[in-house]
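Here is the structure we will look at.
Labels A, B, C, D, E and F are assigned to the chains in the order they are written; within every chain, residues are numbered from 1.
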C-alpha cells in the first residue's frame, strides 16, 4: 500500500477538494491519498512572494506529517518548496509542475502551459527555467481576466482555457498541453478528446509519478546536494522543522 | 490490464532476457510484458550508425506488433527510433533513456550516466542534448575495457560500475545515478542501498512510465509535430510500415 | 578528379533530377556527380518517422556504393543518417542541411529556413538544434498548402516562397535565407538578386563543401566518436552494411 | 540621506556583526546602515531547505521594518527571498549574490565563487543559474572541512580561501573572484592586493549597489512581474506580511 | 575625489553635451566628470563597422588621457572597445550597455532595450549575447524612422519612445526598460514616473557603477584574461597606445 | 578567375609568408592569392586589445584594396573585424576562425582548438561564443611557454602541439582538431596522418570557403544587419574608410 500526502500550500479548501478528488481518481488500487490545506497563506499563488509564503507553509505541514506517508506532493503549480523538501524529507517528494512536465516530456517534444492568469506566467517561466526545461517550452498562455472564484474556474473559464490551448498548438508549436495550477485539477480528464494534442495536469501526473518513485525504491540521498542538510545550530523554529533539521524522527 | 511491448532493437537474446526479467519485476499487477528481439542488427549499440540500424529494426517490429499492445518501449539506451515511433504509432511510446531521465529528474537536480563503454558516451550525450536536458547532466562515465559478454556485464563489471557511480557523485556533483544500457537492466535493483544517491535504470523506469502514460489517457496527437505523418506516396517498404504510413489498421 | 555521390533518401526520381542538375551546375571542373534514388521509402520527408526510413535507405545505398566515390552527400534536408554515415564511411560525408547552414554561417549571423510545408518545421528545428546552431536560427517558415507535385514545387510555389523569405528578413531578423529541401534544389540560383539578403540552398552548398573536404585532406577519424564502430557480432544485415561493420572493403 | 536595512536571514549574531562592520566601512557619507538578525532559523545557510527557512524569516523582518528604509539588502549569499521581496516591497531590494555578481560582471568576463563549504556549492550554482549568469561562471570552489565557528571562519581559514581563489584563476579561468557568504564579509578588503585578479564580496557590493538604486530613482513597478502581488484573500499570516499583501502602509 | 573620464567614441559634440550633463547630474559629490569626443568617426553607431571605428577612437583617447582619471567610461551603447580597454588600462572601465544592464539586473528579471533605430538592434543583441545575458533579454525595440538630428532625438521622438517601452512591458514581458544610446542620456530621468516599470539609462548607470568600482578597490588583474597584454613587438601605433602596450606610464 | 585578398592584421611579415604559402597550396586552379601585412599593429594577437588594433588595421587595408578582389579573408585567428567588414564590403568576407570552425563542423560534432599560448584562450573562447558554437567546443588548449619566434613556432613547438591535440581527443572528447592561429598556417598539412582525428587549419579552410562563397553567388545584403551601414555624417577618417561609408566606389 502506498500512502500519499498532497499538501495544498494555499488556504483554499475548495481547491484542496479538487486536488483530492482528482488524486483519488488517479491513484492506483492500494494507494491512499490525503490532502492537507495550509493553515496560513493566500488563496492561490501567482507571484514569487506568494510562493515564498506557500513554501514555508508546505514545509511546516510536511515536517509535521510526512512520517505517516510514503511520498509527499507539493500540490501547487510552481512547486513551492519542492527542492528544499527533497533535501529534508526521508521519502520521495514531487510537485505539480515537475510531475506535469515529466509527463509532457514523455508525450512530445515541446509543451505549452495554459494557466489561470497573466501574472502567473513569470513565476511559471522561472520554474521551468529552474528545471532546465526552457528548451522544451513552446509557450505559456494565461487567462486575462480576474477570477471570480478560484474553486470554480474550470467551469467558469473552461472554453477560454480550451481556446488558449488550441492557440498554443496552432501558433506556438506545442506538442503537448499542460493545464497548470491546482485549481485546474481534473480538467485534463474532463477535456479528454477535446484537444488536438495530448493534455496532462499536475495532480494526476504527480500521483502517478509519486507512486512510481515509491515503487522503484531508488534509494535515499546520503551524499550529493539532496542529502539531508548538515546538522547545525538553529533557533526558534517550529518543532517539526527543528526535528527534521536535527534528523530526529 | 495494460499490455506493454518492449522492443530490443539489437539481436542479443541474452539482453532481451534481462530486459524481460526486470520488466516483469517492475510491472504492476495486471500489466503484461512482452519482449521482442530485433531480427537483424548488432549485439549492442555504441554508435550513431548502430543506432540507425536499431532504429529501423525497432520500427519494423513496432509496426508489425503494436496493435496488440497499449504502449511500446524502445528497450535500448539512446532510444533509437523513439521520436519517430511516437509520431507513427497510435499508442504511447517511450524509451530507456527518456524514461530513466524522467525518473532521475524527479529524484534530484543533476544526474550522471554510468555506461558500459567509453565509446558509447558521445551517443548518450547527444541523446541527452536532443532531450534538452544537458543542463541537468553532471557527467557520463563509462567502462574502459572491451566487454567479454554483453549478457553478463553486470556480474563481470559490477564493482567497476559502482566505483564509476561513486566518482560521479564525489567528483561530478551527481544527485542521481542513471545506470545506462539494456545490459544493465536490473542492476539498480541489485545495487539498492549500495550507492550514496538514488539510482535508476531504464527498463524499470520505462515500464512504470509507460503504465502511467496508459493510465493518464492524455489523448492522441491529431495536430502538432507528433500527429501521424501526412499520407503521401511510398514504395518498397515492409508491409507493416506501409500500413502505418497509410494509416490502415 | 573528385567523384561525388549524392544519395536521395527518398523515392522521388523527379527530385533526384533536380538534385543532379543543380549539383552539376555547381560542381567544379573535374568533379563528377552521381545521384542515386532510394529503392524504398517515401516521396519526401516531413517527419521524424519518414526520416528514420530515409536514413536506413541512405545507409544501404552508401554502404553499397561509397567505394567508388571520394565523398558522399545525403541529399535531403534534415540530413537523415548523416552522423551515422560519418562514422561508418571512410570518406567525407555531408548533407543538405549541414552544408547549407555552413554556407549561411559564412554569410551572416542569423539565418532563416524557408521550407515546403508547415509540418516539416519541427523536424528542421530539431536538426538545427542537433547541430548546436539554434542560437543563429532566426526562424523557420513553411508553405501552408499541400503540394500538388513535389517535383514542380519551385515553379508552382516560387512567389509564395519569395514572400516567405521576405518576411523572414523583415519580421524575423534573418541575415541569410536557406531554401530548404531537395525539391528546392536550384531555386537559390533562379532567385539570384530577387531577395534582399544572401540566399543559399542545400545541394549547391553540399557539393562545394564536399569538394572542400576532399581537397583539405583533413585525415580520417581513428579515435573519437567518429571512428568506425567497434567490431561486434551482428546478424541479418544487408551484405554491404555488414561489410562496413566488419570493416571489410 | 540613504537608509539601508540589511537582513541577516540567519540567527548568527556574530555574522550580523561582520555584515554591519563591512557595510559601515563601505557606505557613502550620508548612508546609514542597520542590520537585523533573524529571530528564527539556522546558523548559516548551505542548503535549499535552510534557504527556504531564511527566506521566510527575511520576509517577516522586511515586512515589519522596511518602511523606515530606502532600500533593503538580503544579507546572505544565495539571496533567500530576494525576488519575492522585490515584488512585495515598495523600495529597491538586492542581495549579496546578485550584488556581488553585478560587481564581478563589471570587472571581468568570467568569475569564480569561493565558498565556505562543499555542500553549499549546489545552492550557489542554482542561484547563479536563476540569474541567467551560468555562462560567466568559471567555477565554484569551497572549503572541505566542517567550520569550527561561523563567526571566525575568515581568520581560521583565510589562507585556505586564498589558495582556493588562486586555483580558480590558474585552473578554471576566472577573471574575478567572488568571496561568497556573509561570514566572509570584509575579507575582500582584508585580502586587497593578495589575489592576482579583482576580488569582491557581497556585503560591500550590495551596499554600493543599493545606494545606486536609490540614487537612480528608476521608478517602481506598477506592471510586469515585479508589480505588487494582486490583492486576494489570505489567512493566518504575520500582520506585517498581511499588510504588505493588502498594500496597506 | 573620484575623477571619471567619459569617452564619446563618436564625433557628435551635441551628444557629448547630453552625456556630460547627465553624468554631472548623477555624479556623487566629490566626483568630477570629463567628456571627450572622438576626433574621428561617425555621428552615431548603428552597425558593427561603425563600432569598429568607434572602438579604435575610444582606445586612442583612453590611451592618451586615462592617466588623469580613476575610471573610464565608454560612452556609447554597445560599448565599443570596452573589453579591450579593460585589459589595457590600469583603472576600472565600464560602458553604457554593461552598466545599464547591471542596473536592470538589479531591478528585475527581464529587461527590454528601447533604441533609436531598427538597424541598431542586431548590434545590441550581439552585445547582450557577448555579456551572456540573452536569457534576461525580453526584447529590443527601435524607432523606425530616420533621425532628423541625433542631438534632439529625445525631444523629437520622446512619445514614440515611451510607446515602445510600454509595448515592451505589455507584449514582451519586460520587468525593466533600458533606454539605449548616448543620445538618450537623461531621458530616463525625464520620464521618471511615466513608465509602468523601472527605467534606466546608460550614462547614469555607468557613472554610478564606475564610482562603485573605484570605491570597492577590488584590485587589478595581474593574471587571467584581463591582465595587461603580454609585451611583444609592435609598429606604427599612436604613441599613447604604444606606451600602453609597453606598460610605460 | 577568383581573386582572394588575405589580410594579415598584424605586422609580422614572416607570418604573412606562411599565410601566403598555405593559401597558394590550397587555392584552386584559377584562384589568385594576395597577402597584405598590416602597416601598424603588434606581432601577433593574443588579447582583446590587440584584436581591437588588428581590427582597425584590417579595416583600413580592406577599405583600400578590396575593389581588386572577389573575396577578402581576415587572416588572423579570432577574426578581428570580420563581422564589421562583412557589413561594409561589397564582396564575401571570412576569417580564419569562422572558416576553420565551418570545416570542423563538417567533419565531426565536437572540435578542440590547439593554440600557441595560454593567454590567447579567452579571446578564442569568446570568438567561438560569438559564433554561437560553444555547444560544439570540446576544449581549447594552448602552449604554455613564451614563443621564441612567431614565424618558426611550427618547427619549434610541433611535437608539443601534437601532444596537445592528442590530449584534446583522449581527454576532452574532440572529434576534430583546429590548429589555431596564422602562425600555424600549413601545419595541418604537415601533420597529415599524425593525428587520430581530422585536423584543419584556418588558412586552408578560409581559402576554400572564400572560393565557395564567390562561386555560390548568394547575393549581397541589401537589408538585414549585414546591409551596408546607413549613410551618416563622419569626420577624420582615412579616405578609403570614408569612401566605404559613403558607398562610393
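Rule of thumb we're sticking to: a contact is a pair of C-beta atoms (placed from the backbone, for glycine too) under 8 Å apart; a residue touches a chain by one contact, two chains touch by 3 or more.
What you are looking at is a predicted structure, and each value in this text was computed from that prediction instead of being measured.
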item: Of all other chains, the one whose Cα centre sits farthest from chain D; value: C
item: Where chain A and chain C are represented by their mean Cα positions, the distance between them in whole Å; value: 44
item: Between chain C and chain D, centroid-to-centroid distance (C-alpha), Å; value: 52
item: Contacts with two or more other chains, residues of chain A listed in rising order; value: 83, 86, 109-110, 121-122, 126, 129, 135, 173, 175, 224-225, 227
item: Chain contact graph, described as a line, ring, star, complete graph or other shape; value: other
item: Partner chain B, residues of chain F touching it in the complex; value: 109-110, 135, 173, 175
item: Residues on chain C engaged by chain F in the complex (per definition of touch); value: 26, 28, 83, 86, 92, 94, 98-99, 102-103, 105-110, 131-133, 135-136, 169-170, 173-176, 188-189, 192-193, 195-200, 204-205, 208-209, 212-213, 215-227
item: Complex contacts: residues of chain D adjacent to chain B; value: 121-122, 126, 129
item: In the complex, chain C residues that touch chain B; value: 11, 39-44, 46-53, 55-56, 59, 81, 83-88, 117, 119, 121-123, 126, 129-130, 146, 224-225, 227, 229-230, 232-237, 241, 244-245
